[in-house]
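Heads up, the next two complexes both have chain A, just with different partners, chain B and then chain C.
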Partner chain A sequence: MKASRLPDGQVIRDGAMRIRGQWSVAWMMTPVAIIFTLLFILPSLNYFVLSFWRVAAFRVVPDFSYANYARALGQHLPVLLYTFKLALLTAMMTTVLGFLLAYVIRFRAGRLAPFLLLVTLLTLFGGYLMKVYAWKTILGNEGVINTALLGLGLIDQPITSLFYSPGAVVVTLVHFLLPFAVLPIFSSLRGVEEAEIESARDLGASGWRVVSDILVPRCRTGILAAFSLCFLAAVGDYVTPAIVGGTISMFGRIIESQFGQAFNAPLGAALSFVMLFASALVLLTASLLLRLWRPR
Partner chain B sequence: MSENGLVRLEGVSVSYGTFHALRPLDLAIGHGDFLAILGPSGCGKTTLLRAIGGFQRPTSGRILIDGQDVTALGPEKRPSNTVFQGYGLFPHLNVRQNIGYGLRIASRGRPEIAREVEHIAALVRLQEYLDRPIDKLSGGQRQRVALARALVMRPKVLLLDEPLAALDLKLRQTMQEELRRIHREIGGTFVFVTHDQSEALSLATRIAVMNEGHLVQIGSPEEIYQRPQSRFVATFLGEANVLAATRRAGQVTFAAGGSFASKGADGDIAIAVRPEVIRIAPSPGTADLTLRGQVRDRLYLGSHLRYEIGLADGGRLVAAADATDRRNLHAPGDEITVGWAHDAQVLLDK
Partner chain C sequence: MRHIAFMSRRQMLAAMAGGAAAFASFGPAAAAEKTKVTMFGWDGYQTGLMATQNLAAQDVELAFSAMNNNDEIITRLASGGNDIDLITPYMGYVPLLAAAGLIQPIDDALVPNLQKVPKLFRNDRNIMVDGKRYAVPFTWGSGAMVYDPAVIKTAPESWFDVLKPEYAGKVGMSDDPLGNLLLAAKLVTDAEVPTRLTRAQLDKAIAFLVKLKKEHLRQIAVSFGELADALARNEISITFNGGEFVKKYAADKGKAVEFAYPKEGTFAWLDVCSLAASSKNTAAAHKVLNEMIETQSQLALAKETAQGICNVDAIAALDPALKFYPYDNLADFGSKAQFYQMPPLEASDGIMTWTDWQEAYEGFKAA
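Moving on, here comes the complex of A and B:
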């Protein structure tokens, strides 16, 4: 629009600039494209093909059968649903907590805000396993809570369900994933002016109406990013359930075992794609729901 | 009701620790007032406005709107609405939704909301922009949306925080006229904060001047301009010469010479004189007071000439003279007499 008002020579030069700009963008994208193709697209295609193969006498044999998918959606469906339930719970809890924390950092912390943000990030440096073991010292059989309860004489036996349980998996994952939820939501909230919130209050909005009418719609992308990151990390995780989950089985552990002890890579590949599509479905639904979220 | 004021502040103060943003003050704002709270930045004027709007809890005192004590109420429960400095429009909603937001919160019916929004959009001349998103509006249009969004709530008092500060000069003048027209048409009570004295003078029916957390003087624009009570008000609102003088036995003598009779306690006093009331080389009998001085500089400003005059005591006097009057032409270096009438000068408290 601006170009049309300039003298002709200028327009042409402007156009040339834009073309050169497009080329430089293409150049900058190339390394990423190569890495992405080599390390993600090609292996994915490989496993996609593999998922239709079968195993015979401990050897992978080329084939074209839906048997692996039938097993994935038959025998393993309950575990898939259970995994999604835990991951959804984790992602929703993390997103809500992350939203609260991001809100406090953005609007309430004042001069403490940079410090709080740093603390949030600091927990990322703690490492993943360290957090898992930290929760073990809190929730475990010989952990802080059980020892205290035993010491007070409130219980005779340590409560095993405190630690080796789905609850422990969710708590550990929420703790681990919180920074991934805070950061995208915080960056969305930075675009929200304090005057918007004050205006809404001035026009009669209660605290909840401010959240639902102003903050959530204004932070759609941040909330979706937070939810997606947390959901994907939770749904694919197989280390946390193995350490803190006790006997519970999560989908990631089943996939992992197909590539290990069970020696059934084709089934593992099929399970992976089932999970991929199911996850995509969840995220699509989430983004649709957020887009439908309109102030009443 | 009106003699007590629609909005009443009784001993309201705001402090943060040892910092006093607002010293205890009383203020009454009448029905239909268009009050300007005027002062330099950091004088507490915005804090005062936020206290009335419910965004700032006062440290002490009471705030009453229409006889109701609102001190403990949040902004959502007060019969006031605010136009914020940055407007605080909702960018995810279009103009119509922005204006109707408050009515929707109040659970009004759809037809009523539509009617009210159309009505108020006509008042602020936004009818053609109702379906536009906020980011497709100019600064002046955003200002109108913010105004409409507050006015549609029919507030008992409308608060405006530096409403025109973000606009360029031309737009500011247009919006000043618009604000005056809207105030006239709906007959509401408006309170606005500004640091711009010309804005305060041209818009307000009453001006409250603030400095360092104190309410220094309140009155009509004419009162404030012509009868300032302190050196601060005299120099903050428009230009004023403040001359040192001494009173001895009912006779006031300027440090630069010249004297007149005035009752009062002996001691040093200050006298304010506006540049435009000073006559240069007054014909005999037209000035009650005269001083001698030397022209230091002369500026041609189109509508008037501005003289800078050096006085006998080394002080400086600024005088404005009619540019079309050829008799008034004096060159730098000329010795001249300046004079003014008794009632054109103001004796300041300090």
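Moving on, here comes the complex of A and C:
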């Protein structure tokens, strides 16, 4: 068996060190594991069981029926697909914009980089609802954009499609989620040296080639983290569509109403699990696509 | 200090024990003086009760927690909400809550202010179940149409006006499954009671709402506050389903809007206060019920919520600016807006249940 010598001269066998290290990691992970189990695993199991139950006369009745899942994948499937379409669009736009901003901060901003990073972080403190309501004053009939266009004589009537529309939902979510995309990508970009990019440039690589062959492969984890955060936040959001979406319906709103207005927690639980598994499928696909991304 | 210094240790201990006993006896007596009553209702409904010292004078302490929707009441009570004494549901829920054993009868003799409430509200059939009172009505209104007089010069006469081409993209509605479906059923079906619908009638009502949504609707507002906000920002000019109080909400945002009762009529609503079946403080809870419809309490409620009030003395003393409900002719109001029962919980004779309504409404939202 191999042995190692510690700085103080003590000799310890590698096996013993490994076991001690494993115990140390296990010990450090215990609080997180307990919290995760208590606040996520157990409630999730509870709701999974509940998703097979039913409601009768305002009371939840134990049962074992797939009826809630059948409804989720039948009546509510079009809304689920629509929600995923908007969430994918939001996540992709946010990730691309986040990548560009992170790139500028990392490689182009020079002395302004810490300031830009601080500004990005500061927007996180603005408050979610404040941002949603801010877009009302920007996109509405009497908002900044319409007022400016009317003032410039470019339009005769306000452009009503700017607000109470799917576009308004996407724009609002992109604005809110941008810092969540910038931070993990910036973190990944810090591992890329400027010299690597300069070398590629010196060898004649185009801007796109640098991005596709150096930056994307080196930032896979950051990009995936950014995309995942943005997608999951967008797909489950129900406040933004309710305030700026006008008449559109998103899946999160249906789930929310089952736990309130409709008093059907079993159906709400089934809808939640359908969304959870569908979201996991999207993220696995995104992860696979990024793994398959190979420099030319 | 000197006196204490000259006391013996035994005297000192006796004095301390006596003091402690006196303090201890005072504590529980003081705590026992007030009975805590917990109310679970719409935010603002506690305002009237807080406006006077009447409850304190009757040794009652009110604890209020706000709800987000009517079904939350059921959720809390059905899941064993033993901490709740009083709830403030929409009157349509009262028979359902009584049938589910979640509320208990109220003793009229302990609520003398009921005599100041007009019969239209006091004896509404929803709140009298099997001859017993299950709720005290305290505020009311209707699903009146709201419109922007700057855009629509004369008051619309029909709900079908929302389908006029000039209002395409200018119609708003609140996300109110019961109100929207009930109103649609009233307009496009031959149902005698618009909450007793067959499958065909329910489908017809949904088809009307879908047409309205696809061709004319700009907003399904998450709340009446959002609906008023859309009117104030000129995003919409007319509403399908609304409420008199929207006029006040919009005025607070600097926008003058009006309301109308279209010729087809609409639904009326009555918010009531009921006694939870699990309440242990029924005597004190009855005092709160009585105070809900006390004159000063009602005046404060009207000022806070801009909703209709039920006490005739309070109505007589009401600020004219808040007197925009048809208080002078309640009988006429009753002909324009009716109080309907909720759809049934259990299926019978081919009549759609409340669950069927909710499923259908989700279909409309997804369309």
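General observations
We take it that the second predicted complex is superposed on the first by the 264 of 296 C-alpha atoms of A that agree within 3 Å, B and C clash if a C-alpha of one lies under 4 Å from a C-alpha of the other, contacts with A are read in each partner's own complex, and residues count from 1 in each chain.
Just so it is clear, a residue touches a chain if its C-beta (ideal position, glycine included) is under 8 Å from a C-beta of that chain, and two chains touch if they have at least 3 such contacts.
Since we're looking at a predicted model, the values are computed, not measured.
In this overlay on chain A, chain B fits alongside chain C without clashing. In the superposition on chain A, A:R218 makes contact with chain B only, not with chain C. When chain B and chain C are set side by side, the one touching more residues of chain A is C.
Judged by the touch definition given at the top, the superposed model places A:G110 against neither chain B nor chain C. Contacts of A:A57 after superposition: chain C is touched, whereas chain B is not reached.
Using the contact criterion defined above for the overlaid structures, shared-chain residue A:G74 touches neither chain B nor chain C, since it reaches no partner.
When the two complexes are overlaid on their common chain A, residue A:E198 makes contact with chain B while staying clear of chain C. Taking the Cα centre of chain A as vertex, the centres of chain B and chain C in the superposed model span 150°, given to the nearest 10.
In the superposition on chain A, contact of A:G153 is made with neither chain B nor chain C. For the three-chain overlay built from the shared chain A, the minimum Cα spacing from chain B to chain C equals 46 Å.
The contact sets of chain A with chain B and with chain C never meet.
Chain A meets chain C in the complex at residues 55, 57-60, 71, 75-76, 78-79, 136, 140-142, 160, 163-164, 242-243, 246-247, 249, 253-254, 257, 259-264. For chain A in complex with chain B, the residues that touch the partner chain are 193-206, 209, 213-214, 217-218, 295-296. By the touch rule above, chain C contacts chain A in their complex via residues 68-69, 71-72, 74-75, 78, 96, 99-100, 102, 169, 175, 177, 213, 217-220, 222, 226, 233-235, 345-346, 355, 358-359, 362-363, 365-366. Interface of chain B with chain A (complex): residues 53-55, 74-77, 80-82, 84-93, 97, 101-102, 104-106, 146, 149-150, 153.
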